[in-house]
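First chain A sits with chain B, and in the next complex the same chain sits with chain C.
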Partner chain A sequence: MRLRKVLRISRWEVSRTAGGLDRRTLGFAILVFVLVAAVAPFAFDGGLYDELYVVGVEDDDGYHEAVERADTLRAVEPSWSAFSSGDIDVLVRDDIHVADDQKGEAAVAELRDAARRYNAGELAEKDPDAAFPVSVEINYVDRDAEPAEPGDTFEPVAEEEDSEDEDADDDDDGVDAPDAEEDVDDGFSLPSGGLGGIIGQGGRSGTPDDIAPPFPFESLILAFAFLVPLNFVVQAYSTSVMNERIGRRGVLMLASPVSRQEIIAGKTVPYFAAALALVAAVAAVVGGGWRSVVAMVPVLLIFLSLTFVGAMFARSYKELTFVTVFVSVVVTSYVFIPAIFTDIDPVAAISPLSIVVRDLQQAASAAPASWYVFSGAPLVFSSAVLFSLGSGVYREEEMFNQRRVPHKAVAAVASWLRRRASVAKVSVFLVPFVFAIQLLVVATLFALPVEVSLPLFFVAAAVVEEVAKSVSVYAGFAHSVFERNDRNAVVLGAISGAGFFVGEKFAHLAQLVGLDTLEIGRAALGVGFDVSPLVLVALFFAPLVLHAVAASLAALGACRGKRGYLVGLVAAVVVHVAYNLTVVGLVA
Partner chain B sequence: MIEVRDLRKEYAGHVAVEGSTFEVDSGEVFGVVGPNGAGKTTTLKTVAGLVEPTSGEVRVAGDDPADADTRRSLGYLPEESPLYEDMTATSYLRFFADLYDVPREVADERIGKTLDRLELDRRETRTGDMSKGMKRKVAVARSLVNDPEILVYDEPASGLDPLTTNYVVEFVRDLADEGKTVVFSAHNLYHVERVCDRLIIMNEGEVVARGTLDEIRDEHGGVEYHVETTVPVERSEPHDGNHRVVVENMDEVESVREQTHDEGGEVLDIRTREPSLEDIFLDVAEGT
Partner chain C sequence: MRSPRRLRLATRELASLRAEKTVVLALVIQLFIAAFSSFLVVGLVSLYDPGAGEVEFAAAGDTDELLEAAAGQDSWDVSVYEDRETATTTFEGGGADAVLLVERTDDSVDVDVLAPRGDLRTTLIVTAARDLLERLEDAERERLAAELNVDAVPVPEGGASPYHGFTYAVLVPVLMFLPVFISGSIASDSVTEEFERGTLDLLRASPLSDPAIFDGKTAAAVALAPAQAVLWLALLVFNDVPISSPVPLLVLVTGITAVAVGFGAAVALQFRERKQAQFVYSVGVVGFFALTFALPESSANTVAKLAAGSATTATYAHVAGYAVAGVAVYLIARRFGGRKLS
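Entry: the complex of A and B
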């Protein structure tokens, strides 16, 4: 690929896109963006709830100081007319009057909390020990972490400490606080530290009343702001790709002295740059740093690559709209749902957005490099697979026809095939993609009870893996790359299965991050079983036999056409699920 | 300049071109003729490097046109005029000049001259706002922006009014006179007869006739003799109050003359007529 050509196409893509907008629209869009960028820092400064509720209270009233100290409340001159018109949520005059709506109820709850905090604060200033006879310090540790000392238990993860008695630690039966900190300070120490190590580093302390689960609500909302502008970018990108296909416009670039990879890269670079600029702008506005921007790069790539494939497969703008909405929903779910559990559950490590959330929380310790790799690598590799898949149909023969999506997908895979060995390459190539889909399934199912989630996962994983192994064989037969006969089918299935086995082993590196602390995570990664070395060796190579046999079954069907392929695929999935259940039964 | 050997192209089980072989010499205008679905467009696309042959070989100046650099010496004009309609004619042509690594100054000069020759004035108008004829002229100009040695034109006059069609056909002839090698397909056989040095006739994916027009005439239909008589003879038909019979050689002409004499009539006129390409084409297509 020649960078000079790529940049040249990119420059013209920018020029064309800008030329497609009239100057007024462009000016208006820039103005809106500048205004939002200028206003947003003030809007987000100090939190989303600052002065959310309005309280009408006299300066000399006892509540006034409490309201002034509360971030969420704003004190104004009490006025019946303002209260009646809805400008005041709570009016303090003789009695407390509350607006008859949900906001009024929330405001009075906040006022009560503010008053309680004010009273407690006042009391603490005069006599702290009397005000807070009990203080709590919390340190989070791994669920399966060993107790610090023999005989210790994990029950009291919170350490009670009598502020008057400095020797209280020695008498305490709970986890010794300094030891616990030593454990978690290992951070990403492998293999036992894992994500628990990361999330365990933060400590919270205060009165028992201050204890709250570490739910990163505010940071999550701000992290979501990173995803919103990407939808505009993918809309523009998908339209640009689709425009090449409508009316066969793209044929002339294909006839010019540039390769299709250069065309695709040239068309994609401006949108990637625009998305990156937007992410950087959002980071600057909401208080994120370079870590947020770096963490978002794989998300940008998966957004763009899925959009590219969708735009290459869609037959009309109507289908394209469906595709872009689908891409937006899938990618947003994939990165957002696990990020909800940042600091709570290891499943958060799946999503790069969790790194953004931590960055926005200004966490004491940044996410280590391995977390970027674990969350980002599957997306980056999947993006490479998707761009390559789309590139397979970025040809005159496939680009402009109106064939259905499955046909185009198969044609794209067929474009990767040359000789028999190429089916193994395709299988290896698809492993990161399979891994990403399995992580998506983990993210979807992990909240369910294990009795439900495990069987569902086994079936889903078997379907995804068997399709990944057999689709290249089916494409090879469908596009006459391979001669249809049973011997060929068995050989191709075995080669594809072996290739998948090799690729799959690389995915096991994932256990280093700590997703294996989840039951379903172990199922996804196939690690964490406590068995003898001999059984481990057998377990290591058993998947090779499974993949080869199951892929051969699907291949035998594939050489008999579409219906035969479906039958063969079902048989392969059944064998795969049976294997999974048997292995789990043996080692459980 | 162009070599096509045993070309076979299959689309999802359908054979579009089967065993096509021909060569195009430098500086000649080479026609590809045939009915719809004959494989003309597929053949031209393989020459332009857009379609990969299922089997066989295509060479352009000795190289594979699938290689991007080989396409530098080609100018391809598809049957439609697929322009980027949000660009002006000038910016559109500059874009393609850029893709072909033509320096900006050279490109601007070349674009100006080509558009002058094509008599296209509205150069800063977006191509989406142009008439079909104007779009075609922009498309033709685009095929020349890299000053290619070889032009591959698929139905260059497709869908144009007679005046513009004539203009484009003349333009193709002029390009050939300047030394360009032109391969083009056409439905209108009259155009092929006007500008082509050699041609192939394709039907159902196969080349069924090849050579110069005269060679094809000799092979697929010679001169006809139209003999007009005052009395009916064998195989004659009424014609303008007299009778006419069409025969294929001088022996048959002599036979008609003898019959006429025997019937007491006389031969009024004997004319020779060469078959048109259309006659040959229909004859070949029906005979396949």
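Entry: the complex of A and C
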């Protein structure tokens, strides 16, 4: 790749785009921004949950004022008929009646908050100190997981009385489900049961209302600010790539004495730079440091590379729109879900956004260096693979036709194949991908009970791995790179499986960050079991056999066409899952 | 005989969407978002799940009122230890989940909480601690209210169901509005594509009038978002999320879709290139949604109320407003866009 050529193409790209975004466009954007900025103060008043629940209460009842003061509640005339028809969620008569559904439960929880706030407010008028009679300070301490030694525990001198004591809760109205409870009073009207109840701000001292589990809510929202502007860059980038494919415009560039890699790099560099500048600007605004910017680089790369592939595959602008929205949703969930657990669980290390969150919290302990590697490496490798995949169809033969997306994808994979050994190369290429997808699955499943999440994970992992191993063989057969016969299928399958095995071992670097402390993480990586060395050696090589056998099965199907490939794939997945379950059974 | 031709153009648009199977992708996107959101709810709620076991508190100090507040609940167990030291040691040895050190002064109660760091149960423990201390606070307030002659109301017992608020106030609006955004985007793409491929001249040469071309190009996009909304509402109902007023909800979605599609197509006719058109369109639609938050009821809140069954007359007035805005914006865009065509 020649840097000068790349930079020249970049310059063209910039001048074309800058010429396109003329004064009218920018003027319009500025107008909208000004308008939005002007209404922003009002916007924060109109919360999502406003008046979502209806309370029937008399005007002279003590609760009426409490309800009036709560944003999420609306007071109406109490009536039994409205209550039984469902128009009233909570009816305050002599007693408190709650509708027997989820809405009723949510409504009474809101009423509880409203009553608490009302009491505090009334007390504060007489004596400000009396309003908040309890002050709390919470300290988090590291505790060894070691089981307690008998001498370390003491006998309690007293215990609470148990639930026989009915007098203690004579206000009980029948709804008896203690649960998450919180009152975020920061301008948004989030009720206890909503978003604010789920994701607190991690308060450490104050009144009981103020303390919250260590969820980095504000930092997460701010971290989100890094992702949103990227969509604009990605949209422009996808259009630019797509435009090369419309009306055979790209032919001119392809015919010039530059390689297609140089063309792609040249077209991508300006958008990468723009995205980086945006991220830096956001960091400056929301108070992030260089750590946030560094952590976001892999996210930018994966965003651009996925979009590039999407733009190479899409047949029209309309399809491209769907593809970019899809990419944006996938990338957002991939980086956002694990980041929720930044302060709680090592699963957060999957996402670069966790580093950003840590940075924004200005935590005493910045994210460990291993997080950069662990979260960034799969994304960087995946984007390299994606760019390579996309450049596989950046050719005159494939670029301008209107073939369907799966066809293009297979053609792109086939462009990597030269000799039989190439399938091993493809398998290694796809490992970071497989790893990234599996991490996403881990992140989505890990909160479920292990009995549910493990089997689900095994199936998902098997499907992803088997597809990754066999797609190159299928592409090879479909594009006649290899001759279709069973001997070839078995050999190719074995080679592909072996290649995958090698790649997978590299991916086991993951142990670095201690994801293996998580049960499902262990299952994902297949490491961390505490067994004898002999079994370990067997376990180390058993996957090699598994990968080879399963891949050969899928390959045998693949040499019989599309339908055969599906059958072979299912067989391979079944074998894979069976193997996984056996290993877990063996070791556990 | 103009409308059958117009219909044919609209059918062509729909057919191209079908051929590209992009509608499938649109559904996958929504499914992904729904899965993502429900994961958020289910996953995080399970962290708070009271059924996840009893939280053991080791308490020390002036604990009489604390014990009283703690009584009658199964979700925690409070044991009182002789002093700070023994309670803390028990906690460090794993004999308790958290420590509550209570100190009572003349007019206030100070509580120090020790909770384990970096533990999945931390969330559950801290939540239980807060719940318990809120009860203590309520009891204290009740006592002070009697002392100060303040009319306080009894605090009703109620455990929140985080599913409900999140589902109606966040998930349903997202599911209703995302297709709208995409619909407008498609309308804009559909027009810019004609310019980029140079096929608009063929359409102009057809016996269709300019407004008819505009209608034909946009009809599929206008129909798409409400159709997706119907699908989602059906799915939600099927999943035991009752939707109270589906019809006004659809009127609202259709109205906003007409705004987005009319605007998207007009912008595309004005700018003719996808890059600018998409940029202006996205900024404009985001701006539109932001502006609805300046209304007495934000657009998301209107959707939440309609879905949850808390709609007021004002809510229906908003729906009517969106319908009128939809028709108005579409007609203006059609007039303006039609002129750009010829």
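Basically, the second predicted complex is superposed on the first by the 400 of 588 C-alpha atoms of A that agree within 3 Å, B and C clash if a C-alpha of one lies under 4 Å from a C-alpha of the other, contacts with A are read in each partner's own complex, and residues count from 1 in each chain.
Convention: a contact is a pair of C-beta atoms (placed from the backbone, for glycine too) under 8 Å apart; a residue touches a chain by one contact, two chains touch by 3 or more.
In this text the structure is predicted, and so the values were computed from the model without any measurement.
Asker: Examine A:15 and indicate which partner it touches, taking first as chain B and second as chain C; both and neither are also allowed.
Answerer: First partner only.
Asker: Tell me which partner A:134 touches in the superposition: chain B (first), chain C (second), both or neither.
Answerer: In the superposed model, A:134 contacts chain C only, not chain B.
Asker: By the touch definition at the top of the document, which applies to A:419: first (chain B), second (chain C), both, or neither?
Answerer: Neither partner.
Asker: Would you sort A:69 into first (chain B), second (chain C), both or neither based on which partner it touches?
Answerer: In the superposition, A:69 contacts neither chain B nor chain C.
Asker: Tell me the contact category for A:562 with respect to chain B and chain C: first, second, both or neither.
Answerer: A:562 sits against neither chain B nor chain C.
Asker: Name the contact category of A:258: first (chain B only), second (chain C only), both, or neither.
Answerer: first
Asker: So, does A:247 touch the first partner chain B, the second partner chain C, both, or neither?
Answerer: A:247 contacts both chain B and chain C.
Asker: For A:480, select first, second, both or neither according to whether it touches chain B, chain C, the two together, or no partner.
Answerer: Only chain B; A:480 stays clear of chain C.
Asker: Classify the contacts of A:396 with the two partner chains as first (chain B alone), second (chain C alone), both, or neither.
Answerer: First partner only, chain B.
Asker: With both structures superposed, pick whichever of chain B and chain C touches the larger number of chain A residues.
Answerer: Between chain B and chain C, C touches the greater number of residues in chain A.
Asker: Where on chain A do chain B and chain C both make contact?
Answerer: 20, 243, 247
Asker: For chain A, which residues are in contact with chain B within the complex?
Answerer: Those residues of chain A that touch chain B are 5, 8-9, 12, 15-16, 19-20, 243, 247-259, 262, 395-397, 479-480.
Asker: Can you check the complex and tell me which residues of chain B touch chain A?
Answerer: 10-12, 45, 48-52, 68-72, 74, 76, 78, 80, 82-84, 86-87, 91, 95-96, 98-101, 142
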